[in-house]
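The next part holds the structures, each set out as structure tokens.
Two complexes, one shared chain (chain A), two partners (chain B, chain C).
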Partner chain A sequence: MNIDITPIDCELRQDALVSWLNQPGKRLGLITSIDGSQIVTLLLDTTENTATLWESQLSEHRYSSLTPRITQAHWMERTMWDMFGLEPVNHPRLKHNLLHEPYDEKLCPLNPEGQVSAPDGHRQYHSLEVKGDGIYEIPVGPIHAGIIEPGHFHFSCLGEIIFNLEIRLGYVHRGVEKRLAEMNWQKQRFLVEAAASDSAAAYALAHAVALENIADLAVPEKAQHLRSLALEIERVAMHISDLTGLAADIGFLAISSSLGRLRGASLGMADLVSGNRFFRGFICPGGVIQDPDHRLSKLQAAAKALKKELEPVIKSFLANQVVLDRMEKTGKVSERLARDFGLVGVAGRASNQAYDARHHFAAGVYPLLKPQMAIETNGDVFCRAKIRVVELIESLSFIDMLLETMPAGPISTSIPATLPANAVGLGIVEGHRGELIHLVFTDGHGNCKRYAIKDPSINNWTALAIAARNNLVSDFPLCNKSFSLSYSGHDL
Partner chain B sequence: MTSLYHWIFFLLSVALLPVLVLGTIRKTKARLQNRIGPPLWQPFYDLVKLAHKGETLSLTMCGVFRLSSIVVFADILVLAWLTPWLCFKPWAPEANIFMLVYLFALARMFTLLGSLDSGSAFGAFSASREATLGLLVEPAVLLALVALGIFFGSSDLRVIFSLSSVSTFVSSAIWIAAGLAIFFSSLVELSRMPVDDPTTHLELTMIHEAMILEASGRNLALIEFAHALKMCILFGLASQCFLRAIPQFSTFNIYAQAGLNIAGLLGLAMFVGLLESLTVKLQWRKVPEFIAYILSLSLIASFTAIGIGAIK
Partner chain C sequence: MLRLLGYLLKNGVVTNSDYCPPLGDGVIGLPKLTSDNCVGSECSQCADICPTEAISIGDGTENANLELDLGKCIGCAMCVRVCPEETISNNTNTMTATQNRKDLVLSTADTQENKVINESRTPFARSIACRVVSTGCSACDLELSAASNSIFDMERFGIHVVASPRFADVLLVTGPVPKAMHEALKSCYEAMAEPKKVIAVGTCAISGGLHRGGYAQANGIADLLPVDVYIPGCPPHPWSIIDGIRKVMR
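Up next is the complex of A and B:
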């Protein structure tokens, strides 16, 4: 996919973006900057399956915020304030996402000039205050009782009802994007896979696609098949894992332990393909690392067996009346809200957003071959669970189809020693959480000067906070699990 | 001499049965999930481990927090002595139905005070949940016992459980209804499924576990043991009711009765294990509905008892 870079005036950008988003099938991919002296906006067109990049030069470290008119820009603008010190003027809730109080006030990791315009004490964080009779505040985290990643949840409740929820992230910020721009691009893939390791295959694939996009490299057909195979197996494993979590959260132990065992079986399939249960080191720019040819018949049998074993478990899970009672109408996200926040992945499709990157953008065998898209309209916990179930079964059939049609030939092509100078590469992959974007810029010597990652969770975190409103406090964990968002993918 | 044996058996039961019942529930759950599970005596090892650990106390606590677990423990011990949950109990003073129910309420009140004293956000909301549940479930337990009281014409549980009256079809029916009501309300009382999930790590969904979140070390061991003993008393009482529904039960010798007594207790524990593997935790709004079913069981038992009294 070729990306055109269109220069656009920063002031005109706002109107242009509003009218872009008003057209059906047009989406906002990512708003970021390269070195703090410009804003780049990635626009996706899912009717033509193209991407456009707008570049607006900035003369100072402030610009007027898009957020009052384009809700989904709010989180990206906050992150840009963190990383580049670019202040969005009139942003309704400007706070730091990633750099908390202990960081130096002048630090702007991706802007060589450092923080210029921010006032003293700008790192101080203030939760939204809810006042009134009977308001009860529950702070939860950042360290949780289960083995999960850190995030702070601040509930303001009226009795057992959640009135407002504020989510604070950034506790596992490791400076991944900055490190990626510093290191040799041939080694980036190892860091990329480790950045959000439950999506290792998706991250590695997006990275490979982005670099191949820059180098204008065609990947052998067999490698494309194996890459899609990896991505679908990862999806199967994670969807089973999320369903396990849903069952455990409502105390349905029989189902959660059965599904937990079947997740192990799907990780075994990953092991058969790549020699690693989490696809570490399998996908690389140019193709894949190893050819699992002699193990593919075993894999096909494993996929069939898994599908057969899953069906009765899922059936007795979702047919249970009390399960329905817990999940239906819990954590509802309306279609309008899903559109405004640009929801992606399972959460988006549960609220009638017909968007699956596998149907639009090239990566692996997609979009030539693709599974059916699952779609639901109610946007509650049950719809999100159902989407996972349908995708899971679809993916297993798709794995079977990929194995049937596995072409012969080489599994990789050699990559050039240097990348073209001043080029842009884009990789869009539908991971198990949704649309993952890797955007890579090279400098005058063909080295990577900026590596931007948009994890699917970035679109969805705020929607979780809003979905929790007017629900029972004791239903929040269920709601949270139904979104199943990544902390490390967001914090990077 | 027999009374000495009774005391020995009773004290052994108080010390060992709570651990065994808890272990049985855990083992059943593990086996039903195809796991081997911890050894049957694991709860005992856990208590020993806790007793050797240091204790962390919040700076905002006053003495109520430590006092509460001691009061609860003492209160449950008294209940173990008074309540007829075992057939081989030593002599005890009159066990009035109303006194028993409010001794349970006393234990609840001190647990609530302790959790409020800890000053954590979880402690306060779980205390409010526990208070709500207590309010709802108290009439169910009380009415189940009152039904027995009406039928046997006494409010003293020693008389009710004395095995002196002749067993009839109606008495069996009342014993079963009362036993079911006591068993199901004990699930609420003890914060077990389907009302509360004792194995969850999710603080926001907890009731009992969130109340004792701030307890640690020996204090926690005391609370855990008191809770397990309370479980034994309530399950034991329910199994006693079920056993008395067997017409020939009063003709068995004391050893058979004691054996059935303990088997019934462990049987209920296994049933709880089964229940907790197969049921889904109810939504908080549906819990009153569940308690309403228990209350109707108690009401059926009471009305039957009153009706029979009127016919006599």
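Up next is the complex of A and C:
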């Protein structure tokens, strides 16, 4: 995919972006900066399947915030304040997203100046205060009761009803983007996969596509098939894992333990292809690292067996009256909200957002070959569960189809040791959570100067906070599992 | 509901009856050193390709002392792929946890695989309550969850996960513990009653792994808490995790 870079004035950008988003099929991909002296805005056109990059030069460390007009921008502007020290003026809820109080007040990790002067105490975090008779607060985290990544949930409740939920993340901010820009590209893939390992295949694929985009390389057909195979097996494993979580939170243990076992079967499929349960180290720029040819017939049998095994379990799950009672009308996200926040993945498709990156952008065998898209309109927990079920079965059929049509030939092509100078590369992949974007810029010597990652969770976290409103506190775990968002992918 | 019960009965017992069986054909485990001679510093392909600088090669050619630190290794197997002499090969054994950090450092001077385990008695011989604090990419968390599914079923060994540090005997830490988690982790440890143990689950918790040395100070738990058992791997296999937890139960 060719990416045009268009210079645009920072102030004019607002109107242009609003009118862009008013057109059908046009999306906002990512807003970030390269080194703090400009803002880059990635625009996606899902009707033409193209991407455009706007570059707006900044003369100071301030700019007027887009958030009052474009809701989706709010999280990205907060992150830019953290990482570059760029202050969005008139942002309605400006708080730090990734850098907490223990960090030096002047630190801006991705700004080459290293630090930007800022008012004292700007790292202090204050949750939205809800006042009124009978309002009480439940703080949860950062350490959760189960085996889950860390994050802080601040509930303001009235009786058993959640009035407001504020989600604070950043606890697993490890400095991944800065480290990636310091490494040579040959070793980047290992860190990319470890950024959010439940999406290791999606991350590795987005990384590979972005670098191949920079190097302007075509990857052998067989590698494309194997990459899609990995991505779909990962989707199957994680969709089963999320359904397991839903069943466990409802207390339907016969289903959750059966699904837990079947997730093991899907991890076994990953082992057959890559030798690793999470596809770590399998997809690399230029192709894939090993040819699982002699194990593919075993894999085909395993995929067929898994599909057959899953069907009765899922049928029992979705036919249960208690399950329906807990999931229907719980955690609703309206279509309008989904559009305003640019929801992606399962959560978006459950609220009638017909967007699946596999249908639009080149990665693996997509969009030439692609599974059917599942759409629901009610936007509740049940819709999100149903979409997972449909995608799961569809992915298993798609895996079978990929195996049937597996081409012969090489599994990789070599990439020149030095990447082209002053180039930009883009990788967009539909992981199991939705649209994942990797945007890579090289400097005058062909070294990576900026590696930006947009995890699908970044679009969806606020929607979870809003979906939980007016629901029972005891239904929050269901809302949370039905979104299944990544902390580490968000925090990086 | 009857149909579901029938389904469950038909499946019977699915729990693996072997303890820590070797990894299957083609599955990548951690690397191990063999007695095959290392070519030495002339080669150094393994050290060059390692993404976490886990490998160092001593001077000399014949019998050069190669050291591989499993506490830094992410199991990418690139060293196994490039080694011309099979000095480094794939280890299908999952019993890789150790009680001393230095035992994770393999050396061609001593290729013995399993070190002697400290056999002193602990109060947790029959059962142990684990508190899990996750501070990383979720891979170790997923494998920990898998360790309690019906295939691995770690509860049959007396290992269960509890929801508060107050009930816990052992603290399992996953991830490199970046700066924003330092305080939370320490207060969780302080809230546990004595006697208590700490297990570093995975390479990030042991050394910071790929994240070591950055501004987020995600360097693992060694500087924050006393560690009793180290479980290497990125992520460790569920069997490695179960075996590692059992090492504080002996």
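As a convention for this text, the second predicted complex is superposed on the first by the 488 of 492 C-alpha atoms of A that agree within 3 Å, B and C clash if a C-alpha of one lies under 4 Å from a C-alpha of the other, contacts with A are read in each partner's own complex, and residues count from 1 in each chain.
Just so we're on the same page, a residue touches a chain if its C-beta (ideal position, glycine included) is under 8 Å from a C-beta of that chain, and two chains touch if they have at least 3 such contacts.
This is a predicted model, so every value here is computed, not measured.
Engineer: Looking at the overlay on chain A, is there a clash between chain B and chain C, or do the two fit?
Structural biologist: fit
Engineer: On chain A, which partner touches more residues: chain B or chain C?
Structural biologist: C
Engineer: Should A:P477 be classified as contacting the first partner (chain B), the second (chain C), both, or neither?
Structural biologist: A:P477 contacts chain B only, not chain C.
Engineer: Could you tell me if A:E160 is touching chain B, chain C, both of them or neither one (first, second, both, neither)?
Structural biologist: The first partner, chain B, only.
Engineer: Could you say whether A:S257 touches chain B, chain C, both of them, or neither, answering first, second, both or neither?
Structural biologist: A:S257 sits against chain B and chain C alike.
Engineer: Once the shared chain is lined up, is A:D249 touching chain B (first), chain C (second), both, or neither of them?
Structural biologist: In the superposition, A:D249 contacts chain B only.
Engineer: Quick check on the superposed pair: does A:V322 touch chain B, chain C, both, or neither? Answer first, second, both or neither.
Structural biologist: First partner only.
Engineer: After superposition on the shared chain, which partner residues are touched by A:A145: those of chain B (first), chain C (second), both, or neither?
Structural biologist: A:A145 contacts both chain B and chain C.
Engineer: For A:L217, using the defined touch cut-off, is the partner it touches chain B, chain C, both, or neither? Pick first, second, both or neither.
Structural biologist: Neither: A:L217 stays clear of chain B and chain C.
Engineer: Which partner does A:I466 reach: the first (chain B), the second (chain C), both, or neither?
Structural biologist: So A:I466 meets neither chain B nor chain C here.
Engineer: On the combined arrangement from the superposition, state the nearest Cα-Cα distance between chain B and chain C in Å.
Structural biologist: It comes out at 5 Å between the closest C-alpha atoms.
Engineer: Do any residues of chain A touch both chain B and chain C, and if so, which are they?
Structural biologist: Looking at chain A, the two contact sets intersect at 144-146, 254, 257, 261, 320.
Engineer: In their complex, what parts of chain A are in touch with chain C?
Structural biologist: Touching chain C from chain A are residues 100, 102-103, 107, 109, 142-150, 170-176, 178-179, 187, 190-191, 194-198, 200, 241, 254-255, 257-258, 260-261, 263-264, 267, 271-272, 274-278, 280-281, 292, 295, 312-313, 316, 320, 486-488.
Engineer: Within their complex, state which residues of chain A touch chain B.
Structural biologist: Listed in rising order, the residues are 136-140, 144-146, 155, 157, 160, 248-254, 257, 261, 320, 322-323, 325-326, 472-477.
Engineer: Can you name the residues of chain C that touch chain A in the complex?
Structural biologist: Against chain A, chain C makes touches at 1, 3-5, 7-8, 11, 14, 24, 26-28, 51-52, 74-78, 132-139, 141-146, 149-151, 161, 163-164, 175-176, 178-185, 188, 204, 209-211, 214-216, 218, 234-235, 237.
Engineer: Over in the complex, which chain B residues touch chain A? Could you list them?
Structural biologist: Within the complex, chain B contacts chain A at residues 29, 32-35, 121-122, 124-125, 129, 193-194, 197, 199-205, 276-286.
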